[in-house]
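So, here's a batch of structures to check.
Two complexes are shown next, each including chain A; its partner changes from chain B in the first to chain C in the second.
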Partner chain A sequence: MQSAKGKVTTQEQIRARAKELLEQKLVTAVLGFREGSLPGTVVPTLVTKPEQSDSLVYDERCLHNLAAYLPRLKHKGKLAVIASGPTSRSIVNLIKENQVKRENLYIIGVAGPEFHHKDTKAPSVRNRSRGTPNPVLCDEMVGDKAAEPAEDDYADIAAFEKLSPEERWQELTEDLSRCIRCYACRQSCPNCYCPTCFVDSSQPQWVGRTTDDSDTIMFHIMRAMHMAGRCVECGACARACPMGIDLMRLNRKVALIVRDRFGHVSGMSLDTPLPLACFQTDDKQEFIR
Partner chain B sequence: MTSRIVTKKDFSRFVAGLAKQAELWAPMKLKDADGSRFGRVKDAREVCFDYLNTKLPVKELFFPQRELLFTFKTGTRESVQPPQPVAERIVLGVRPCDAAALLLFDRVFMAEPLPADRQPLSAKEDRKSEIVDCRSFVDPYYQQRREKTTLVGLACNEPGPACFCTALAGSPHGSAGLDLLLVDIDERYLAVPTTDKGEKLVTGLPEAKKADEEKAKQLAEAAGKTMKFALDMAGLKSRLDQGFESDAWDELALPCVNCGVCTYVCPTCHCFDVTDEEHKGKGARLRTWDSCQFALFTRHASGHNPRPTGKDRMRQRTLHKFRYFPEAHAGLGHDPDRRHVGSCPAPLMLCVGCGRCIVECPAGIDLRETLCTLEERIKDAVQTAECKVQKAK
Partner chain C sequence: MSDEQVPAPEFHPRIVAFLCNWCSYAGADLAGISRIQYPASIRVIRVPCSGRVDPFFVLKALQLGADGVLISGCHPGDCHYLTGNYVARRRFAVLNDLLQFFGIEPGRVMFSWVSAAEGERFAQVVRDATEQVKKLGPLNRLATSKTPFEDAMQTAECRVQKAK
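Moving on to the complex of A and B:
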């Protein structure tokens, strides 16, 4: 896809388009990625001058969900943003939740970075949804589309559910007990834009501030609940976690429940209402007895 | 003091010997995740020396993320109970950067009272003894752990791509702050004691030969050479004095998501929060790590926040390390008994160059890049300003 001979790479196309958009003053800045200092790292960056466009990179390393930056860049005017499948789904949610305005965004769609790997054809990124490599909402598409993968079977969740309740609890607590409460998961998540997070509330203090299991588990379970119907399974939280906690297990389980109960897959369309933010007469109500 | 030799064949026996003398702590592999962390060793085989840096620095053994200050029963003063005293400990496998960081911690948590000639002049004669300076406070929790712990270091022969201890007066084979330093020389460890406490751990072991010490010296030199980053720290500090309002901060703070990773994995970050937890008349006062990157960190009771944006908080962390701390600790003398950083040329930065913040940053921010950008941009801004002044004249 990328380095085919004689073909313009996706990265080159992104640079060219960023330059044009800035020169024509169609956007005030382009939110993308630049080279990082350590091998294998890239850094989210905001390019404001056409001549800086060549600092933009796009390849398999560009896994951050750039939508997380959009709510706090609201004051910057109209922004262009590089968006793969999961990022575009997060943007859809942010628009629906009134955090960004559609008309203030110019979405440059690309196939997921995992499909821009230099030498492999079988991308596999831990903790990332296999559902949507291509953007669901964009103003233009740069580079080729990736082949749509088979529908997500949530085999990982099914396997976890086969364990006994005791085994599940043990695995969850062992995993979450490594949490150091740095909130890298929350801060890297496009859904977490609350001005004051429930864990930061001190009057009343809903959640203890220690790293005791009871406090960390409370935080993660409450966060997962807040993700219901909103998480797009981009995996940004799990990749941000310095302690290697498998955060997607909780998020994917919640996403699966929402899919099964409401027939809703998060962030796929601007038109469908958020399932937990609306009431419909055909909602399942068998829990009311 | 005489250097000695521990062969790798005998290493588990050496470790088991240490475990008999005191509680033994060492880096251990994390379960189900990459990396290692200091843990209580029950079996010598659990010790993992295959690490560049532990995920969390050794500070967590002296300044734990969750610390019980005391327990209480509501309604009575008498029922306040201090926590259990800490046992004697040996910590094995401390990297020289982490040990150097503890010397900085000592300045914060247990510096001695200021001598009379450094007391503020305005203080009244009879009140002098009551004056509490931030540098005269001794934290009993930290002090107890520090005094009951013997530190056994492990020299770095292969620093990583994010390491830059040499830029901060450190060394991959440095022994400052340690009681004993182990250097991996092929099939053996060269054990270099730096204190009596350290020497006791290796008495009876065979003495090192000159060739062993020579080999260690070569390794130290080679390791030092792999770290290319160098910055004139005194110059940087004066630049930062001028650059609080520099527009470079906007750019540098853009990728920062304001999580607390950099502060929690940092061996020198030491901010904390204190909370009370109470249930049915029984309670506890707890001290937990806090981070200047969080919005709550400086929010006043009135609701006003002097550092409302991510940029303010990112700048705060950088300036605390490279401007405020060196300012607060400038000119404080070297005290050999307390093993403070003595040979460290001023200014004394609140950073030891372990590189953890660079490796773990979810946005890929590199502190070295940040410092270089600031240095350049502030220099440019100052020069432009000077030009303007000259032209105006």
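Moving on to the complex of A and C:
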């Protein structure tokens, strides 16, 4: 953050680049972060004028996955977007799912916000993907790259799976039964862009609208199913959850299933097809008789 | 009869079976016209292809009172729509693993490939499925809490049983 040694901070570089891009009319707007109205908070913002670019901030608080805004900003023309690792992976998925066009995006890559912390070197952030701090797809990189972490071993999932089925059911239902069905997880998720979400559909009404355990668990199983092969583990849903439900446990399990069964890690490359939209004739089928 | 105890009625599982129109449904038909006996535990829902089976169908069936779900389609490579069952297989793999992660017993939701020529195999699949779900007992996870009406019906049924 501090430019003590005369070094230009990432935030200053982002402001400068945003200004240039807007002045040269290379993009119509820059999607980034600004200070929120409550002290200590940041909110996503769309900067459209060069003189506004100094309102942009980038530090450890900028954890939102900005890709969630891209499908609904399609009509805005070419956008520049500040993207760290998970955000860039979400963008890759959105391009593959035909939700945004690559040529309509100018991706300003940055190392994850957790690496722009004032005090410590790389603090652990709740529910944040540990896999990719650096963008996998960008037009330019601003600031230094973060050190690549060791490969994720999904030890938390393996530990949970050691429990008996009864214990797992108990723990998961206890956790999920606190859900108040506010759908903040859905709203914050870049994967959730359906015009009519299955929870809003009334004909057929797939999920009951009560907070009855049965309905809630069904909602969460289906939400996890829809994340299969798509979730980039940015943790936006878990941070948005007002009840502090451990949503990442389900997301990570589904990501692990897809990785183990189909050898696919979500959002890492534009060239690999989406795992549930394709198949191999020799996919494992030990569970089918 | 000296004791007043009424033996617990035998558990007859209700299994919802999603059968693909081109293979498994025809297989079930063959089992029927060949007079092959199998338990009357399945409630068949005909779908155009196993690829039509949304995970929602499975969960909804369990939620609304099925004790088990059986999904059956064409053998890989034999799909009427060429690749429907291949794509479905990937989806089922994720669903199967996720349900087990949740602690739903393995065997509650069953998957099989049955061709139109395999009448005997279809009967065997249903026999095994029924046996398996019987062993697991009625579903107590995921099912929606009973409505007062259902509760009343159950109490009434118990009274009738006792009166006998």
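Criterion: the second predicted complex is superposed on the first by the 278 of 289 C-alpha atoms of A that agree within 3 Å, B and C clash if a C-alpha of one lies under 4 Å from a C-alpha of the other, contacts with A are read in each partner's own complex, and residues count from 1 in each chain.
One rule holds for everything that comes next: a residue touches a chain if its C-beta (ideal position, glycine included) is under 8 Å from a C-beta of that chain, and two chains touch if they have at least 3 such contacts.
None of the values given here were measured: they were computed from a predicted structure.
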Which of chain B and chain C A:266 touches, first, second, both or neither: neither
First, second, both or neither for A:212, with chain B first and chain C second: both
Which of chain B and chain C A:11 touches, first, second, both or neither: neither
Partner chain in contact with A:72 - chain B first, chain C second, else both or neither: first
Which of chain B and chain C A:191 touches, first, second, both or neither: neither
Contacts of A:169 with chain B and chain C, given as first, second, both or neither: second
Contact residues common to both interfaces of chain A (with chain B and with chain C): 208, 212
Touching residues on chain C, where the partner in the complex is chain A: 55-56, 59-60, 63, 76-77, 83, 86-87, 89-105, 110-113, 125, 128, 141-145
Contact set on chain B toward chain A in their complex: 30-35, 55-56, 65-66, 161-162, 251, 254-255, 257-261, 263-265, 273, 275, 277, 286, 288-289, 291, 294-296, 310, 358-360, 362-366, 368-369
Residues of chain A defined as touching chain B within the complex: 36-39, 41-46, 64, 68-69, 72, 174-175, 178, 180-184, 186-188, 196, 200, 202, 205, 208-212, 239-240, 242-246
Residue numbers on chain A that touch chain C, as the complex places them: 161, 164-170, 172, 198, 206, 208, 212-215, 217-218, 221-222, 224-225, 228-229, 250, 253-254, 257-258, 261-262, 275-279, 281, 283-285, 287-289
